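Common to both upcoming complexes is subunit A, partnered first by subunit B, then by subunit C.
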Partner chain A sequence: MTNMRRTLAGPLGAVVLLVVLMSLAMIVAGTSPLDGFSALFYGALGGRSQIGETLVATSALLFPALGIALAFRGGLFNIGAEGQLLIGALFAGAVGAQLHVAGPLGIALLLVLGAIGGGLWGAIAGWMKARFNANEIIATLMLNFVAAYVSLALVSGPLKGPLATGAETAWLDQAYWLPTLLPGTRLSIGILLALAVAVVLWWLFSRTIFGFELRAAGDAPEAARRAGIDIGRITWLSLALSGAISGVGGATIVTGELHRFNTQLSPGYGFTAIAVALVGDLQPLWICLAAFGFGILEAGGLAMQASAQVPKDAIHVIEGLIILVLAARRYVAARAETTAV
Partner chain B sequence: MKVKALTALLVAATCALSLAGCAHRRGPAPGQLTLGMVTDVGGLGDRSFNDSAYRGLQMAHARIGAYVQVLQSRSAADYQPNLTALTNLHFDMVYAIGFLMGLDLDQVAKQHPQQRYAIVDAVIDDPNVVSITFREQDGSFLAGALAAMVSKTHHIAFLGGQDIPLIEKFEAGYTAGAREVDPNIKVDVKYAGSFEDVAAGKELSNLLFNDGADIIYTAAGKVGLGAIDAVKSRDGDYIIGVDSDQDALAPGRVLTSMVKKVDVAVFDVARSLQEGKPMHGHVEFGLKDGAIGLTDFRYTKSAIGEANLARLKAIQAAIVSGKIVPPDSRKALAAFTPVPL
Partner chain C sequence: MPEPALVLRGIRKAYPGVVAVDDAHLELYPGEIHALVGENGAGKSTLSAIAYGETRADAGTVRASGTVGLVHQHFELVGRLRVWENVLLGREPRRGWRIDEAAARSRVLAVAERNGLAIDPNAFVETLPIGVQQRVELLRELDREPAVLLLDEPTAALAPAEIASFFATVQGLAARGAAIMIVTHKLQEVIAYATRVSVMRHGRIVAQMETAATSVDEIARAMVGGELPSVAARAATQPTPCLSVRALRAGSGETSVEDIALDVRAGEIVGIAGVEGNGQTTLADAIAGMIPYDGTISFANEGAQIGVIPQDRHREALVMPWSIVENVMLGRQHRPELRRGATLDRAHARADAQRIQERFDVRAATLDVPVRTLSGGNQQKIVVGRALIDDPNVVLAYNPTRGIDVGAAALVQSRLMQARNDGAAVLLISFELDEILALADRIAVMYRGRIVGEFERTNVDRGAIGRLMAGLS
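Take a look at the complex of A and B:
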């Protein structure tokens, strides 16, 4: 019972905090919270097209959030989902713009390339941690910048589309677009893939030896090592898998909605996803729900900006605060446990 | 407990403030014409066509009482979400500014067949899209004719941004206009490969001037600002500006500007909607509508001379009457022969 209350207190507290902070932001912007929230919810859930936009954002957040949760389970704080997502998208977009194979095969290839790109990016940080004991928070964080500039350099030069004026590849041939899930919206079947990944992770965490090893490595690394678990292997493998999931997410944005790679294709999904993973308490199925909640904020936030003049960035500031509060709470809880022992 | 008390206090304060109705929502009144606009990456403040389009919306606000809302795009990845967000708010007309948004608008317009859209500088073949283009070749023809009259070296030049069909219209019209006045004139053509690179604009125009050209017509966005910078230190040489009135950027050294009044077109589309006779399909604006033309030569009148101005007027009349048809591509230019007036 107390356990239940403890798991629920965090996310519920986060929601309350969110509502309060957003109300304040709306008041500062000169809009009454009543109007602000009605604009937000109408923009996110007011109709088929609105729900489509919300689910597009949900899908974009769900992939990196699941990746982050996987690493977190293994005791690794992966702040690099943004970069992993970007590299996955870059792989898919760069190859997708010049692909000449049959449609479905091409789509599958692009998604796999996304996983390889993101996985590679995660594995670099994992290898640095396992080999040199580099702090994975710093490593993954810094690799975000490397990813951003590498993709900018490539897409401004050799990979730039012939008609693109910004940092973009050419458009993908329509044969490589993911099928639309909800007609009349931008929502592709990518979200089904995200849900499938969530189910697989749930199974992995609760039913497999790898899941057990992951948790052991995360909760009590010293004990795990003595029990014969190869911590180094778990470290790079979990960061590589984590990155691969984010990378597939990037590839679904390219093949599902945007239909080309753009260096700015993520408005910070990889960072917001940290909040999603924490609000979802690192449980894959709760994370799906949390991603939907944050999807409402993303899509509704834009609508709110368009109709109630509350800048969408206000929402990102508030999301940042939520990450801070939840991360601090975890840290404090972890310390309390260590001192108790 | 303290935290709970604080939260309660915050919630209470928020509710109180929202009930106080701090500001009325600045939404549209019932029955008011609502116009939404998505900028391209240039954004508001580009002193070019985004600003010009926004002036058109402000005209619609002032003259026909329209409710106006703008969403700015930080990157091309924002086009689809922004267009969809305004669509979801059921604006009477959603404007997409710039040919860069063409493919994105096509996609969104097909998803929302009931929504009206307008796009500037591109032709999108959807029944719910008004495509606004300009007869840039007409204004460019006048610019070329003027350049040929004023040139002392019988050698002029054209500096384009990227070599795309839109800019080809400027190049072809300009070259033909010059030949109309001086069949043996030499016209150098260079493309900067960018619309952003100010430094390249300065370098390339110095190159063209040093090769003997004494007038350069720029159709190259910010690259043209570099050309204007270069001409400031060159007596006897001129730049012809583009899109907005750039005459004042280097008084006396900018011969004239080929102005493209996006605002006039944007306003006309809005007014047609207000009057219940909405424009549809491809609408072309040119000299006749006053949407294309040269500036009033306020710094260069004496350098040009009365006789030349009179001749220019005759050429303009011949274009409006259809006696001269300026070419809109290199192919059409090859078939162009000067028309005796």
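Take a look at the complex of A and C:
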């Protein structure tokens, strides 16, 4: 196969395969693919409020996806973005409910607290790995449960808002809400912050010494060690930074959309974001596009459930299929390469 | 003339972007030892894989008069199984649904005896020395009574004494009528043991000679298609103290080193001779600061720079998916001239990469191609170029020419010699005694983690070195 054909056949083939698989999923769910797809796209992009919801989901996915990409590039499989996001949101929500600082400074403070919360959560796993060589996949995954139950315990008791009915903090003062970006929707300027983080990450990976050492540790750990790179430092630092980015994401959900912390604030963004990061090939700028694509699926999926009677779970089936198609593509590419040698 | 045991006719095999083998003809006769030589990427391995039936040719015919056996360069043994289990893996004699162990053992012993190979069928393979492991690998093929036996770099890991006994076995096989083909880089062995030699270049067989009527030089010229680059001359230097190792103890188990005292002076090359696995890796890692050690390793001048050429370029030296430019920065990323604040000066790195490309004749389409796509020789030139580019005080070179073609090897050796001439202290660890004899001013022999002998260049005794390497005194 020529190079030209291979580069074209790859992504194109993946998209075609994906559409076929999605159609099958819709047929199994009892809807014609035509109705399903039109409901999906109308629900995601059919008007101002739909686009707003799609971008809200995009933003919520983009932060953890970028955090995950940072860890993955360093060779660390951080499966704990969900917990890191939640702790970041908890820090912001808990302090935000009590805060008495002038507006913009207060918002900045809450976002920084989000970064600290998520960063601490990531650093715990990083420290366990660097110090005891604990497997980071297990450590980050298990810390998700710790985060979920710790936050539930806290907002059911000491941090519970005085008027709250469920496990929630008190409302944030309106002074600490992130400004709305698209009037008439829930979309806050948090998404601009996410895009800025993407640009910073691109710069970090491609230009800085730290990014260079991080990539070396991820792509060839033994060569990196012999090049004088302190792998232990890279390990805890990259997991801390990774968690911090997810934590800021959690804080933007609190200050941007929900305006208080609630244990249900993430429908698994931190897990879906793993797929987003992989679809984006761990490249910050491609991840922005991938997050938008998954944002369409997340927001459109709800509409599809309402109007075309396709259960929203079908969307999660599709997200799973995307990972499978992707893995298959990589496998085929890797095989083509080894047989060529 | 007898019927050939193996006939390859018009063999062609293309992979995306390269023609690995192009219209190759080869006939192997019973009783001959035929050497197949050529630079890396000339198509030797592909051709032997086609002869063995592992790879399908795009065109051409393969005809063998009997079974074809292949012994790989990297042994394919199961360390935790016994010798007989490895030899008969997949062909175990059965009694009902169980393996007939008694029959298996006696069968292995019979094959070993017939071929004059001493072996304990019950030994666990992982406990055996390399030379004996190779015997196991050989027995596995001999059990199938091959009419044709292909050997890929069979002596790469053997000590001189083991090499001689290995070829005695091979000559016995040939005498009993097997056709033998040896793929090798070692031209001295070709002249000493083979009867005929075929030279491959760019996928074609470009020359075929009787070894009795040719020479190492003639074969080497056929391999590179012209004159060989000569190694730079040894200049007169005034060696001054530089690197000093005293009472060094490091590592554990088989590969530990003990009681090492070694001086490498500026302006000289000290060669460490020895068979693989006698502590060389531990010594190199200790000097490179990669592992903890007892004793002292000291440098004459404060803040001495050390340029390291690690032994495994794929794993320890290069990041395979990265570009040449990025690999040239690796390990140098904190050098003042390469950094601007928190960022890297890529323009400077590119200029460095260009300098290495020119000095080492690195053949690559651009400096931005992944090093994964380069040949082994070009990859190694980048590793050596990077180690030397900052004019280090000490150069630690571990098998700097292993597995690369003669042209690239001569260039690498020349640059090491020039570094020495310019006043670097070069420690050369190599499993190729010829390389050490060609380059070193002084030679130390390592055996079981100790230095068991030292020679000056002026009074080298090749036989004595070989005996020390094998643990004889």
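In this section, the second predicted complex is superposed on the first by the 302 of 341 C-alpha atoms of A that agree within 3 Å, B and C clash if a C-alpha of one lies under 4 Å from a C-alpha of the other, contacts with A are read in each partner's own complex, and residues count from 1 in each chain.
Operating definition for what follows: a residue touches a chain if its C-beta (ideal position, glycine included) is under 8 Å from a C-beta of that chain, and two chains touch if they have at least 3 such contacts.
Predicted, not measured: the structure shown is a model, and the values here were computed from it.
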item	value
Which of subunit B and subunit C A:228 touches, first, second, both or neither	second
Which of subunit B and subunit C A:100 touches, first, second, both or neither	neither
Residues of subunit A touched, compared between subunit B and subunit C (which is higher)	B
Subunit B versus subunit C as contact partner of A:262, first or second or both or neither	first
Partner chain(s) touched by A:207 [first = subunit B, second = subunit C, both, neither]	second
First, second, both or neither for A:305, with subunit B first and subunit C second	first
Touching residues on subunit A, where the partner in the complex is subunit C	1, 207-210, 212-213, 215-216, 219-220, 222-228, 336, 339-341
Of all residues in subunit B, those that touch subunit A in their complex	7, 10-11, 14, 17-18, 21-23, 25-27, 36, 41, 69, 71, 74-78, 80-82, 84-89, 100, 103, 107-108, 111-112, 162, 164, 194-196
Interfacial residue positions of subunit A with respect to subunit B in the complex	16-17, 19-20, 23-24, 27, 30-35, 39, 43, 46-47, 49-50, 52-53, 163-168, 171, 184-186, 257-259, 262-267, 299, 302-303, 305-309
Subunit A contact footprint on subunit C (complex, rising order)	15-17, 288, 290, 308, 310, 315-322, 326, 329-331, 333-334, 339, 342-344, 346
